[in-house]
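Structure incoming, see below.
Labels for the chains are A, B, C and D, by order of writing; each one numbers its residues from 1.
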Amino acid sequence: MDSHAETAELREQFETPAQQKEISTLGMWIFLVTEIMFFGGLFLAYAIYRREFASVFALASNTLDVVIGAVNTAVLLCSSFTMVLAVRAAQIGSRKALIVFLILTILLGGVFLGVKAYEWNQKFEEHHVPGPTFHLEGTTQQGPAQLFFSLYFTMTGLHALHMVVGEGLMLFLLWHAYRGKYTPSYYTPVDVGGLYWHFVDIVWIFLFPLLYLIARHQH
Amino acid sequence: MITEAVQEREHYLNASYGIKSWLLTKDHKRIALLYLHTITFFFFLGGIFATLIRLELLTPKGDLVSADTYSKLFTLHGVIMIFFFLIPSIPATLGNFFLPMMIGAKDLAFPRINLLSWYLLVIGGCFAMYAMLAGGVDTGWTFYVPYSTNYSNTYVIATGLGIFIAGFSSILTGLNFIVTVHRMRAPGMTWFRLPLFVWSNYATALIQVLGTPVIAITLVLLIGERTLHIGIFDPARGGDPVLFQHLFWFYSHPAVYIMVLPAMGVISELVSVFSKKPVFGYKVVAFSSVAIAVLGFLVWGHHLFVSGQSVYAGLVFSFLSYFVAIPSAIKVFNWTATLHKGSISYATPMLYAFGFIGLFTVGGLTGLFVACLGVDVHVHDTYFVIAHFHYIMVGGTLMAYLGGLHYWWPKMSGRMYPEGWAKLSALVIYLGFNLTFFPQFILGYLGMPRRYWTYPDEFQVLHVMSTAGASVLAVGYLMPLIYFMWSLRYGPIAGPNPWGATGLEWQTASPPPAHNFDETPIVTTEAYDYAALAAREEVKVG
Amino acid sequence: MQEHVASIKTYTLVFLSLLALTLATTLVAAIDLGAFNVVMALFIAAVKMMLVALFFMHLRHSTILTKVVVGGGMLWLAILLVLSLSDFVTRGWLPVPGK
Amino acid sequence: MGSELPLFPVQASSVAASVDHLLYFLLAVAVFFSVGIFVTIFYFAVRYRRRSESELPVPAEGAMTLEILWSVIPFGLTMIMFAWGASVFFEISRPPDDAQQIYVIGKQWMWKLQHMEGQREINELHIPVGQAVKLTMTSEDVIHDFFVPAFRTKADVVPGRYTTTWFKPTKPGKYHLFCSQYCGTNHYAMVGWVYVMEPQDYQAWLSGGTSGSLASSGEKLFHDLACVNCHHLADPPGRGPNLRNLYGSMVELTGGAKVKADEDYIRESILNPSAKIVSGYQPIMPTFQGLVTEENVLQLIEYIKSLTPKPVPAPAGAGAATSKQKPTKQ
């Protein structure tokens, strides 16, 4: 594969570098629309079952630790912040800042995944994982309670998977940034990587209130 | 594969040789031929299952295959024909090959993603083939829960993964087409100078991008439910099986427009070229493609009228379903109007176009029957529905696919197909098709349910007629396979523009050079401007 | 398209408001607003989404086509949710079990 | 080669005629447009066939009036189809109040039908002509579908909830019953017959062999499962709400929501008690999920229904001595 050949110069089917950049971002945005529809299916299932089993969902949601959830959201927002600074660094061509901010983004992403792993582990210990060992205190409706946690694990699991892919993308960008490949006239991969990262952050922005904050007033 | 007889000019087929030049190609034309081979294989595989089903139904008793083999037959017929032949058929072969050429581009926006799309289809196909060879899947192509998750013990997961992967091939093709049409048109190629084939593939791409991800998440949930029992569709734990049907049909109804819209694009081209007239009401036909793509997403509930869906939702979906019928009707009227005062040639592609318009009209009108709440309660899940969607899929999309294949064969291979044999096979297919599927309308209204291994004796006469038609149809489909191969070696050499068409793809050589055009064409005329074409011909000759 | 380079100050301002909104939605959830809780949570999440999309994803000075693509994505998500829910919400309106 | 060749299904229910009239209208529109387009294309294809390769037809400009014409007219026709279809659909969806209740349980690959008088039938249904019948159906495993072509009615039978279909047979005879939602290997075998009989034949069939009405077996179960310990039928209220006069009434739940006590509510309260707690009571009732079969649930529902004296006289069909009127002894 001639990956070296397509560094800065133009791939053959495009007329101008600007056309190539605009096409890449347009392609990523359309890909993000497919991701919106992909997560959309899960949000539909969540909406239907929350409406049908409101009380059990509230009870189950209150077993999640809201402080950890909020802190984790802040961590992810912070990683978005460092990501956008990385893109800005690439725009103005300061290679060192680009590398620093990419590393920060990767680390913050790692922290988020670590906290998520800790939460999941906590759920395993409290027997809140759907299956034969499942038990949720305070309700006889164990079935719908398992439904909540199925949705919880599916949605956060899918989001975590997208985070892992994002981390891989960031490492790829870090490696090429380290080799000085990105210049103010050619930094499309960083911009496109940023779009993907911010999208994954937006998905979490919706997941956090829907999963954690259903009925905190009923504590 | 192509002998030296084709004049020794540099073109995309002899630009490079060897397996690597094909399996690692980034040329949209070569990728189109790779797709052509793949989907032809899957078409004949699905056809074998269809023949076995029809043979089994020759007699009321089940005496050819066992009951669960019969379930596997109709399931695999559905899965392979829909996901591995119909959905990729026109966009991936004719669309891949000609869309860039028609807009004057050197290639698609993302050539490497285009190759990845083909690999995804092949890998998905391998999963489906593994499931088939290992023991088949017996849930029906619709995979309804709770049967597919808790009660079937066949290869549901392998098939589901196969469709999941093949779905990404469709998404990436759609993404590629949208970006290409928006950003890589030749100078002068405004939106209203685009050939209608490009318009319909653009509308199809919108559906592929917006719809396919929902079937992806549906399959993820189905496989999750089947392996980990997450309970999302399990009624014992509060899950609702009707939710699966909503998620499934949200994609699967627009999917039928993924299958039929490119066919409409081909027909617009054929009708225009073979009556040497621009398509009547160009803008209306173009916008009706996009209208079908958009409205196609609002109507899926007509598959759930008797499923336990609420009565009021049934009203909403029936009402919206009639909106999506109007653009299709407009297209048929405009094609018919194009013929008026035209110079109509009876070349094989035009025979397929006539066949398409006739059969698609019947298919579309019976669609009004199943969208009507009162009648659908009776005909839902009967042979009436089977006849309806085969009229549109086989009578419509397949006819247009064959018509398009004949129409563009000289451009793709530099060879003409044998006209006489082609006309005969078109006629055989048309007659065989009607004999196969028209009796099924009557069967359906009589109440014969679908997916039945045996049936009451009084339905046998209609089933025998249908099976007879199926054998004629099978013969009709084998003929093109034979004479297309024959034409590659012995077919007469085709010039750059054998049909006198106005598209940009006919202004370059046949078969076209690797980069489509020696220099990027400048478009100055409107779409389908035959007068300008004639003037250009004189200039060249004079 | 990318000539415009936003200043660090704007990004920091957007970032801080995102943090503030996260805190706000967590605190608001503790107050019993009945059905309004969901609306409030989704509203705050939507504001945060707009902030990230407009500023961090440079949607503000993207091409019209990109904005249409994003709008289309949102609209299709709405079609999926609204039309599907139209079934689940109207169940039982006809006093016949299962209709 | 098989017996006679039927081309149109027999009309054997009150709704069949209206569905068929709707079909005739749709057929008329379809034939009109199909023939219209076929003939037009054939005529144009012959009239304007290509005489020579060099002829160049003058391109016609698109006529917007024509476009609007063949958009609005089809749209008008489709709206008629929609409205007429919707009215027939409501007729099919709403059973009349005096309909005779029959319970249907779909189970992988057989139909179990239960009459109020206690008769249990497998894959067969005997009903009197002229008497509307309401089927309340559920499934024990996958989705099935109760389809009687002669009656033009069909409804999916979904596990985990009740669905309803109804018909009023108008012609005595023996009609096909099909399962029309794929439910597994023997989906084809899940078929049966609906016998529509003259009223007196039906009475003769009815009186032959009955093992006590559904409500009486429900009452026995009510005691066996010790429901009576909490749900006292006499005055001192027990820990559970008194079920007398419950069916059809509006029940106030904790938190103020009001819900109608229909079959769905009773079934959910048996299988998922804490889903809806009546206000003023504690969520202490254990779940009976897995302890009771679908038939038991139906029997309990029928018994609870019998605790609500029916104001309207019993339907004509069930002339035999039903235990519905007399409150059974403790």
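Assume a contact is a pair of C-beta atoms (placed from the backbone, for glycine too) under 8 Å apart; a residue touches a chain by one contact, two chains touch by 3 or more.
Being a predicted model, the structure only gives us computed values, none of them experimental.
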Contact-richer chain pair [B-C vs B-D]: B-D
Between chain B and chain D, centroid-to-centroid distance (C-alpha), Å: 37
Euclidean distance of C-alpha centroids - chain C vs chain D, Å: 41
Centroid spacing, where centroids are CA-atom means, of chain A and chain D in whole angstrom: 46
Residues of chain C touching at least two other chains: 65, 72-73, 76, 80, 84, 88, 92, 94, 98-99
Multi-partner residues of chain B (each touching 2 or more other chains): 182, 210, 214, 236, 238-240, 242-243, 246-247, 308, 311
Interface hub residues of chain D, defined as touching at least two other chains: 93, 155, 158, 161, 163, 272, 289
Chain contact topology (line, ring, star, complete or other): complete
Touching residues (chain side chain A, partner chain C) in the complex: 18, 21-22, 25-26, 29-30, 32-33, 36-37, 40-41, 43-44, 47-48, 51-52, 66, 70, 73-74, 77-78, 80-81, 83-85, 88, 91-92, 191, 194-195, 198-199, 201-202, 205-206, 208-210, 213-219
Interface residues, chain C side, partner chain A - complex: 1-2, 5-6, 8, 11-12, 15, 18-19, 22-23, 25-26, 29-33, 37, 41-42, 44-45, 48-49, 52-53, 55-58, 62-63, 65-66, 69-70, 72-74, 76-77, 80-81, 84-85, 88-89
List of chain A residues in touch with chain D within their complex: 53, 139-141, 143
Residues of chain D defined as touching chain B within the complex: 1-9, 18-19, 22-23, 26, 29-30, 33-34, 37-38, 40-41, 44-45, 48-51, 53, 55-60, 62-63, 66-67, 70-71, 74-75, 78-79, 81-82, 84-90, 92-93, 108, 141-143, 145, 147, 149-150, 152-156, 158-161, 163, 176, 178-189, 272, 289
Contact set on chain C toward chain D in their complex: 92, 94-99
